[in-house]
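Encoded as structure tokens, here's the structure I'll be asking about.
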Amino acid sequence: MKNTIKQVFHSGKFLVGFIIFFIIFLTCIFYPLIVRTDPLAMVGNGNFFAPGTYISQEEAATEEPYSLNVDASSAKLQAALSVDDLSAMQQWLIKYGGVKESDIDVTDAQKMAELWQAHYDSTVAQPGLIAAKKKYYVRLDKKITAALKDSGVIIADKDADTGALTESKTIKETDFINTGDISNKRTFILGTDNFGRDVLTELISATVSSLKIGFIAGLIATAIGLFLGLLAGYLGGFPDNLIMFITNLFTVIPSFVILILISYSVGNSARGIMMVALIIGLTSWPWTTRSVRSQVISLRNRDHVNLSKLSGHSMMRIIFTDILPYIASYVVMAMILQISSGILSEAQLSMIGLGPATTKTATLGLMMNWAMQYSAHLNGSWWAYFPVVIMIALISFSLNLMNTGLDQVFNPQLRD
Amino acid sequence: MKGFKKYYGQKIFWYLLTLVFAVILNFVLPRMMPGDPVSAIASRSINGMQDSTAIQKVYQDYAEKFGINKPMYEQFFIWLSHALKGDFGVSFSQYPRTVADIISSSVWWTVALQLPAIIVGWFLGNLLGAIAAYIRGVFDKVILPFFLFVSNIPAFGMATILLFIFAIRLGVAPSSGGYGFDLIPNASWVFVKSVIAHYQLPFWSIVLITIGGQAIGMRSMSIYELNADYVKYSRFLGIKDRKIVGYVFRNAMLPQITGLALSLGTMIGGALVAEIIFSYPGLGTTMLTAIKGQDYPLLSACTLIITIMVLIANLVVELLYGVIDPRVKANQQD
Amino acid sequence: MGKTMLEISHLKTKYITRFHEDVYAVDDVSLKIEEGKSLGIAGESGCGKSTLALSLMGYYFAPLHYISGDIIVDGVKISDMKPEQVRHKILGNEIAYIPQAAMNALNPTQKIISFIEDVMHAHGIKMTKKEIYDMARERFAELGLPEEVLQKHAVELSGGMKQRTVIAISTILSPKVLIADEPSSALDVTSQKMVIRMMRELMEKGYIKSMIFITHELPLLYNVTDDIMVMYAGQMVEKGTAKEMVFDPVHPYSKGLMGSIIVPESGVRERKLTAIPGTPPNLKNPPKGCRFAERCPYATPTCSAMAIDEKVFDDDRMYRCLMSVRKIREAYGNGDGE
């Protein structure tokens, strides 16, 4: 036993898979211990905040500033002018400003703005330009002037009685504050989702639920598959034919369809995490049955089994002492695959709206479903669904690697 | 030849039997839900549709169609006789369209998307796997782990990745639908072009997923075959490597065909969900609308048509396999 | 004396394992076969006899590697040729091989005739499909194989039929040397007999000019081959005519090997069956001296200390032992009480 485990860990594939899975597993355990906020707390008011650190604007405004000798207007200009704006400026400058194309560098916003201020005149004749476009250029000009102007932002106090405003502070362009001084801030490494929840925290808790679903579904499927496979393989004859008929039936009828039908049938109210796991487990056993059966058949006529039969050992004893130990490795491998396909099934089921009907916990599939419902994939909020996709892929990748590694250890023929 | 006939006969009979079971499951399962589909309609008539005549019409339609109050087996035959005529009733969510109408407008989108995608993916995957087995070296170190990882990305995940890169970031492909939203399906050149443009992303996301899985399977199958005794024997008879590689790939390819048959159901399931990402007007998206709109008849018809499609595809693969692999013929003679 | 068909001298080859260790499976073996003769090679499993069969053909691929020694086929030194040249010019038409496991030796999804066509084309024989078919049919008929076999796939043939088909295919180009590696071990008794008869026919009808027959079943060799060579731990230990080897083995290992088998010959049968105690040495680090020393009842400390060369006695017999033939015979005489 010890030797087998040693051999298994010598397999590079198994080891890589194991390490990835173990890291995910540890993160699932330790992250909630460190970040103790409710994973489904709606922190953000609004949907899909991009990843980053959010600091309190009020505190930032009232905090004592540090004056830095930094040319802030350039960055401001860069932020204010889009690529479209810059190319529109270029067009105008060449067409009506009389600037040579070679003198213009569209990538340098600062230089562009200088050129613009030197040449732009809204009163000049602009043949071939429609009115809307003309207005656009006027707006653009104002934007550039505003961005270049160093007027600062004035903060005023309101007199409670008269309502009169008195200037209390001016924030200049060169005023900076140290983010360390701000006490009200929140970092969303992966942004927020459509409900304004922290994606990272939600992702970890969803991974926990999905692993649970995968594990329970895998356990159920393996138990059923093992039982039926043993029965069919060991008994042979009619029980074998019957079990194989049913197994083939459920291999050919797509399990996805049965999954949908059952999930729909149990109704929304009954469909919790456990129920979904149960349904997935109940529909995915045929693969295990098949492989267990073929293993048992190849074992059935081995000498040591025949010897036990001749010695009059009971069927139970033969199965437990002469057959199970030999197929244990296959069962473990089948279970690993079942877990990974269970997680995928949950995700797919949730995507078409038949996942766990719960708002109390998230699963990877539900996160995906929510992101799609709120069109995260169309408005470019990648942080709402890419981490989920990568998490599913990583879990399934690590489990499959472990499976391949085990396969190579136990089936030396497959060794490369 | 007699063995072949028996083989085909048995296969076809078996698939018909499976179809019967699938149809029964399709009928029985939803009826086990708390409150059968008909009472679901009744509940919908209270808070679902706005149009009262529509509610009346649909309710009467179903009362008649389902033969409420009749015993279960009679209900089954009533339902079956309608289903055989292609009559699956009226959709709840898209009244007054009939279910048959909705299905027939979406099923071809799915077939035209998935059939070529799976075949192309299967073919490319096998080619790549075979090359990987033959070359080894770089393939094993770099490309194989990459494909191992890619094959573990779910189909819908691949769909979101392609969508993000090509539709959102690069803007070279449309992001959703089967054709431009401003177009009405017709035989014009503009429409065909729009359909082709919309076809790309869903197609390639299914192809890429299929390639990954198939390549890995084919690679290990080929390596296994490359170590087979006949390879050694052929070498010692002086047969050239190119010829031997031909034997090996043919032999490795054949089990991949059965593998395709067995995994078709899973693949189609994944591909249907990928359709949803692109709001492709196929069965996947239709199913999503049906579930969202509590549209039981539409969902049930979707699952039935998917089952039938998978069964047909499986049967075709198995029959084809019987013709090209002599091992099947040999087994029939035993 | 006939023409020499195959001659190898001081051949050394090794396996390189997955763990990059060298295993010296054939270590300094020399042999010679003349036209019309057959040689049997016997030994325990793992003694290197199958590896010798592979090494004889002069075509090496991983994990087997050539180290040194000459292989000469009908006057052509193939150990100097490029591997691809050997494969194209020698394998199949000069040297043919019958593998141990004929069960899987044929491509399962190809018709026998199409495989024969491939063999022909590999050697640049320009014949039409029809000509090849006629030729193959004739040869199959000569060897007592039904014509239908040609149109079948390997999977459709029974085990014995498969083995005979493999033999027929291997010899279709009438090679000068046939190397048969346990061609009959996996078969039932009836099929075994048919295979043996077929091998004899091949020699008699001149489809092959000489044969090397490898087996662990010594009685088979006694009936089939002219000469017998016994191998132990990658080396030849003794060689002589079949009769000499069975009735008058010299090397203590041959003696032990003959003692551990039943030869269906009156007089021999009464001999006591004895097993040789111990196991062969590990070929990763072969002992410096005599490889059999550890198991040899007559071993002295010198046996393990120095390398031992092959010696010739009685004109054409060879053995590899420190003791002189006279001494050994004396020892046997006293020890066995014969």
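The chains carry the letters A, B and C, assigned in the order they are written, with residues numbered from 1 in each.
In the analysis below, a residue touches a chain if its C-beta (ideal position, glycine included) is under 8 Å from a C-beta of that chain, and two chains touch if they have at least 3 such contacts.
Here the structure is a predicted model, which means the values were calculated and not measured.
K.L.:
If each chain is a node and each touching pair an edge, is that a line, ring, star, complete or other?
P.N.:
Shape of the chain contacts: a line, open at both ends.
K.L.:
Can you name the chain whose C-alpha mean lies closest to the mean of all the C-alpha atoms?
P.N.:
B
K.L.:
Centre to centre, by mean C-alpha position, how many angstrom separate chain B and chain C?
P.N.:
56
K.L.:
How far is the middle of chain A from the middle of chain C, if each middle is the mean of its Cα atoms, in Å?
P.N.:
The answer is 63 Å.
K.L.:
Rounded to the nearest whole Å, what is the centre-to-centre distance of chain A and chain B, using the mean of the C-alpha atoms as each centre?
P.N.:
Each chain reduced to its C-alpha mean, chain A and chain B end up 25 Å apart.
K.L.:
Scan chain C for residues touching two or more other chains and write them down.
P.N.:
Expected reply: no residues.
K.L.:
For the complex, which residues does chain B have touching chain A?
P.N.:
So the residues of chain B in touch with chain A come to 14-15, 18, 21-22, 25-26, 29-35, 136, 140, 148-149, 152-154, 156-157, 160-161, 163-164, 168-169, 175-176, 220, 223-224, 227, 262, 264-266, 268-270, 272-273, 276-277, 284, 287-288, 291-292, 296, 299-300, 303, 306-307, 310-311, 314.
K.L.:
Okay, in this complex, where on chain B does chain C touch?
P.N.:
Where chain B meets chain C, its residues are 228-230, 232-240, 243, 247, 250-251, 254, 325-327, 329-330, 333.
K.L.:
Could you pull out which chain C residues touch chain B in their complex?
P.N.:
Contact set of chain C toward chain B: 57, 59, 61, 87-88, 90-93, 96-97, 99, 101, 103-110, 118-119, 122-123, 153, 155-156, 166, 169-170.
K.L.:
Touching residues of chain A toward chain B in the complex: what are they?
P.N.:
Within the complex, chain A contacts chain B at residues 248-249, 251-258, 260-262, 264-267, 270, 340-341, 344, 347-348, 351-354, 368, 372, 377-378, 380, 382, 385-386, 389-390, 392-394, 396-397, 400-401, 413-414, 416.
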